[in-house]
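Each of the next two complexes has subunit A plus one other chain: subunit B in the first, subunit C in the second.
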Partner chain A sequence: MNRRKLTSITAAGLALGLLASCGGGGGTDNNGATGFNAAAERVVNQSTKTGGTLQGALSSDWDSIDPGNTYYAFSWNFARTYGRALTTFKTGAGDAGLELTPDLAQGLGEVSADGKTVTYKLRPNIKFEDGTPVTSKDVKYAVARTYARDVLPNGPTYFVDLLDAGDYAGPYKNKDLNAFTGIQTPDDQTIVFKLKQPFGDFDYLVSSPQTVPVPQAKDTGAKYLEHPISTGPYKVDSYVPGKEFILSKNTNWDASTDPNRKQLADKIDIKLNTNAEDIDNRLLAGSLDFDVAGSGVQASAQSKILSNASLKENADNVFSGRLWYFVMDEKVAPFDNIDCRKAVQYATDKVSLQTAYGGPVAGGDIANTMLPPNIVGHQDFNLYPTPDNKGDVNKAKEALAACGQPNGFNTKILLRSDRPHEVSAGEALQQALAKANIKAEIVSVPAGQYYTRFAGAPNYMHQNNIGIAFTGWQADWPTGFGFLQQLVDGRTIKPQGNTNIEEMNLPNVNALFDQAAASKDPAQREQIYGQIDKAAMEQASVVPFLYGKGLLYRNPQMTNVVISFAYGMYDYSILGIS
Partner chain B sequence: MTRYILTRVLGAVLMLVVTSIVVFGIFFIVPRLAGQTTDQLAAQYVAKDPSPEEIAAIKQKLGLDQPVVIQYGRFVKGIVVGREFQFGPDTEYCPPPCFGYSFKTQRPVWPDLVDRLSVTFSLAIGASIIWLVAGVSIGVLSALRRGTFFDRFAMIIALAGVSLPIFFTGLLSLALFKPTGVNYVPFTDSPFEWAYNLLLPWITLAFLYAALYARLTRAGMLETMSQDFIRTARAKGLPERTVTTKHALRATLTPILTLFGLDIGLLLGGAVLTESTFSLPGIGRYAIDAIGNNDLPQVLGVTMLAAFFIVVANLIVDILYAVADPRVRLS
Partner chain C sequence: MAAPLDVTGATAEAPPEAVLEGAGKAIEGRSLGQIAWMRLKRDKFALAGGVVIILLILSAILAPLLTKITGGPPNEFHQDLIDPTFSKPVGDGPFAGFSWAHPLGVEPRSGRDVFSRILYGAQISLVIGFLATLVSVAIGATMGVIAGYFGGWIDTVISRTMDAFLAFPLLLFALALAGVIPDHAFGLSGNTLRVAVLVFIIGFFNWPYIGRIIRGQTLSLREREFVDAARSLGARSSYVLRRELLPNLIAPILVYATLMIPTNILFEAALSFLGVGIRPPTPSWGKMLADAVGYYSVAPMYMVVPGLAIFITVMAFNLLGDGLRDALDPHAR
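And then the complex of A and B:
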């Protein structure tokens, strides 16, 4: 429902954008193209103007610019300016940005009948920045090096987990690439992935920068981040961790081989570790074009933007793809009883939690499902409706009676002490639960080890009788599988680093994941994802309350600005400057 | 004199060794007392959801599987003779002084520190000149014109300078004078751009210190001016100018000099708030990130560097004491 609505808005937006660009007549079109949320609906300031320097900034350090060793959404988005993966997300507003399109490859993967072999053919004439042609072996090598977890520890381990490669330990211990059996390269243009079991979302997996080709002769291991060899429209001029990252045009990038990207600005200059308030001031003053992190401006800039019409028309309030939720551990009494869990579902005042996270603009929209609206598979439903989402004490007390605790019970809420929003949310929840006679004590722990020692360690939860734990989640790729598997598939429960904190282990939910993995039909998979969401919510141990949103500001000088739904921020692969 | 300097240098080295042992202790022993295992420690340096094999591999690579004593020994060895690291296809030699490789960015710590030192040094040098000149002259003038409008006005401003935190004055001055932000340009690239961009951080930082120095100088001057030797100087018939500059100011400067030396030493170890507020990529920012990431080699590197500057500044101040104040003689 919601998805369809978004699609129609997108279509209308595109139509408007086309009309506006017809009226503009020239290369640049500035008239009437901007407006609040415009970049969520169409490509703003469409232009083919070249030249200039795009100025970016990041309030933190980058984890790594090595495409095989990075794990932030903004980094994956930005990596597309200097690296081409086998597939990528389409450029476009709304749901279009969630569609996969071939990038290095000529088409999406060809899956064998048993689902265990996926084959891609590379486009011809793609070159590295030094002019040498890209071959399938360079892609194979790029994936092989992600097996060296001791050297490149940051990236995800999907390939390591999925590919049928025995106990291969990466190319640094054994330099012979033939030892890596998970991928075969029958010729320079063909790459064949061998999977342990079928995996429906494989095309999404290869959109990660881990498939950006790396020439074995140029690989310097952990030092490769100093100069990753480019295949995209830009190449790395210099990268100093914690300081700056500068790129310039890659002359060996050929637009005719790349329908997805643009090469407009001469340079991209990113300052790292810039003070967050300073970034906002620079954005509003026009000396900065974009905040690379893409998570939105700080509170003081929010109020400036929202109260000033001329600033507001250059701002976008968009879904980040993040879900804020809390869980009840099914192994900790009394939450081993589904009715006790339902009591909490009904007692929760989601509006107060939304306020704790900064309200509708800075925080996000109230959530009643696990899948956010910008994830493939999202369906609108609400299994535990309460008036205005403010909680229903009567229904909560009915559920309490059903679970044999008519006078309420005591429990503990676990949260991260250094996350101010989470702390306020924990207090808001405590108050809401108290109205239904559920007395909750707040236990706050440091965020740094939340998943390795506390919420992510089931033993800790059991031993300390932690019934409720706050958490948040963002998918590695925007489908129900990428989003939900680590949260509700019972087979992913781990002694530490566990993200299935509620310890949900339902045979029917687990089976649905297998069905989705085996399915070759995207429409069918999308449907299964919705079913998983519903089945997990019926278990009542997860309470989603917010689809995270951020207020992004775009410098009006920036051209071709559009929100990529896949990353929940501006699409960095087509930006220019006027 | 030589003997004095030698004992002080030896003391300084001992101080640095103790500092490194304390940092090591805080990093390894405190978490252990809080019930953390080495696996949990190592898990911070791998991506989310690490498998036990990955944790074991990272533990081995970072040397966390060794006893703390051996890890400390390796650290000291690196500083003295350098170490070898295996972070990719080839073995890398990290020449002395080798503070190791960062657990997070996997880059050698020392070159990054040297690179950032130029920023912190630029900030400290400009600011310290401004605050020393402005602070001392305002202090002297205030003392000489005690009770006048100038004195009262200057001291109110000074009170504001001491009381207002730098993240407030910094953000305010950025918003008022340079909303486009400060972009650090190395001195060697363009001395003019360097000074132009650093002017605002200099003044903001100097405002805080100048205020302190003005108040101290004023108090010191007032005290010295009432001493017997000033009366003697006046009785000898010396002109008032000579009395104030040659006799009173010189005696007042001794404690100011101590403070100045220590402040410079502290600043070189990283002006954390100023660098953060103005987004200057100096030692202070580095320290914050290092601590935030729980990155032991970076934390150790930055702590040792800061301690080194404090120790050296102390040493220089002690030696200068003898020069500035004739009453002090080193034995």
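And then the complex of A and C:
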């Protein structure tokens, strides 16, 4: 629950049609043919060929490779190569990649009648890289250490918020694991989570790398990132911050215990802090296999790829799972009046905002709902339709009249000065609003403190009369709950780090969240997520305009390449090299 | 047809300006200013620099009129001129987007006119360049003269202060400060406030450069006979400073001010490039350059144009400054 949400989601997994192709004994078959967007529709270059080194690169660095202390989407995706969480996402194209499947656990969680206890049974014969067997205590310890926010500050705080563990402060102050009451381990194979209140999406929470087992004897706290003990098909050979991250095969990983992953390449070699343009050039030249960040190529590589058919067939234009939107603060006049908010809804030219973000390929698809298509619960609807999404000045003026501001009004647009796309979008919105006589002044502030001091601080918004604020969001796990709760549940409004920037607080929306949390039926939950989206949009204070997309490029020699909808990038747990 | 006694030939043999300008007149003494102006007139590069600067100032002032002729309002979007897939101006080649309506092309992404944004950007660059220099010169000259004239502990205090300012990580400080400016302060708001803060930051932290030079000049001037004479006639320090020293310091002040303006313009561009300059959508050259980085391969001219604008402006000021120095200070040649 911090800004990282922009780049974060959840952990672990594969499966699917690969198993079928395994029987074929390797090689490429028709199902794995390449083509533009092929990896979004199927597993490309299916193969069982082993050996070789997967070459990756990253323009920045990991926040931490410690599974309990990381919050980037790429990191959660990649952590599955060296760690196994209780559950993980299936490998497969499209919606199949959003499905949860057991990983360390034998099945998904068994929820008690009151919804406050969730039980998992571990698969037998799973070992750490040194050969010691994995027990439920190792999983319990992994979760317990995420309570030590002073030592491991990066990850999300869902377990801390949800589990019934009193004021437990982590295992570094009190080494006795029995002090941690949020989880019980009746035997070595069973792990029982005790919740404060029911939580429908709990299976998604335990897919995060925070449940990747950590042996207490080997834990070195903040230094654990120097060598996390592997449970996945690869183990960490060396990690030099800012330089490189090298993994090799983990001989104590047993494929028979893991239906999800593959262990094909001998090594994975990732160079860190590599120039982003350089990464693109090496990808296109074939000397690099994948960009770990998975957020898409830069503008110059994009034009090369799209204008060259033979490059284009190795590229995928995929939903990142991110929503770009702006909000109107319901506590700032004149947006305390729903008709003034509707005026902005109608005046907005979404096409110009899309162009500002890089157009349909690098930017994304025009959005009219809050939930992107690759989130469980997404429904298609548009409450404020305008011709070609280009805005409707007449309807905007009607709404202005209804709001009692027939001559328009003045307001301010808050955005991040160091985000060129956002600045450009703000300028585009300013132009569109001006056509409906809404004069908006742009207030640009540094991104670093955007959620602590500016947009995320309701006091700042009120005192400075900021009516409109730009923001973006990516969920920690791909369901309507994970996506929407921090945005529109009125009970999440806080004086700092607020993500419900529009300060929406509707009893019916809040109640729907409780209903979803208490529901044990995934189909019913999915239904409720759609209802929440609609109810929130009716309030007119949120203007979604773009489902973020990125243009990814896959080296043609890489095998078993598929886009994971859950992470919005290639699935790193099954890659090989031909 | 060549005349044996060509007039031009005759003048060419004549000695330099002394004869030319003195012809037909009684020989008279010339002031320092007249001599300098004469020397400056002969320096073609300096003159060219001066002309460019005047043109630039004129076009900045007349921007609203000029953009009516071509270009249009600086913030108007023309997304019909943008290829949505690549976010670049429609058309092929580096000059895509150039037309009579948009003589320097349009901005990628938004389609705003580059020509009119350059003109309006010149306003910001010049205003900040001049005002910041004014602040530096005012503080620098005052402190420099005081330090140089009085010497002793006053000199020590001021000189060490200058050292401290010179050691200051100005860029980092400017980044930090410009990042935390509130929306309203000191009765100003919005861009007026940003410009005021930029002028303050750039001006206030650059004064030691000119301060040191003035201090050095003052040190040598105060030992000169005319200063001694004034003092022995009973002139007070303030009189000596204002009437004896300052007029003799005008030349170095003018020269270094001219050389500081381009540095300050560059500094403003750097701050805007780093995202702490003035607020969008007000155009600024540094901001345009920063925006262009992402598009250098698809819309190269968008990077070249503001780059050239900065280059030409800085070059013009430098040429004029060098010319002024040569003209005002013969020893420096």
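By our rule, the second predicted complex is superposed on the first by the 546 of 578 C-alpha atoms of A that agree within 3 Å, B and C clash if a C-alpha of one lies under 4 Å from a C-alpha of the other, contacts with A are read in each partner's own complex, and residues count from 1 in each chain.
Note that in this section contacts are C-beta pairs under 8 Å (C-beta built on N, C-alpha and C of every residue); 3 or more make two chains touch, one makes a residue touch a chain.
Being a predicted model, the structure only gives us computed values, none of them experimental.
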| item | value |
| --- | --- |
| Overlay on subunit A: subunit C relative to subunit B, clash or fit | fit |
| Partner chain(s) touched by A:Asp418 [first = subunit B, second = subunit C, both, neither] | second |
| Contacts of A:Ser444 with subunit B and subunit C, given as first, second, both or neither | second |
| Touching partner for A:Pro360 - first (subunit B), second (subunit C), both, neither | second |
| First, second, both or neither for A:Pro156, with subunit B first and subunit C second | first |
| For subunit A as apex, the angle formed with subunit B and subunit C - C-alpha centres, to the nearest 10 degrees | 40 |
| Which of subunit B and subunit C A:Gln524 touches, first, second, both or neither | neither |
| Which of subunit B and subunit C A:Lys223 touches, first, second, both or neither | first |
| Contact breadth on subunit A, by residue count: subunit C or subunit B | B |
| Subunit C versus subunit B - closest C-alpha approach in the superposed model, Å | 5 |
| Intersection of subunit A interface sets (partners subunit B, subunit C) | none |
| Partner subunit C, residues of subunit A touching it in the complex | 298-300, 302-303, 306, 351-352, 354-356, 358-362, 412, 417-418, 420, 423-424, 426-428, 430-431, 441-446, 464 |
| Of all residues in subunit B, those that touch subunit A in their complex | 36, 39-40, 43-51, 53-54, 57-58, 60-61, 87-90, 92, 101, 104-107, 112, 115-116, 171, 174-175, 179-181, 183, 276-279, 281, 285-286, 289, 294 |
| Residue ranges of subunit C touching subunit A (in the complex, touch as defined) | 75-77, 79, 82-88, 109-110, 179, 182-184, 190, 275-276, 279-281, 290-291, 294-298 |
| Of all residues in subunit A, those that touch subunit B in their complex | 57, 60-61, 63-64, 71, 149-151, 153-157, 171-172, 175, 219-225, 240-244, 271-275, 277-279, 281-282, 284-288, 448-449, 451-453, 486, 494, 496-497, 499 |
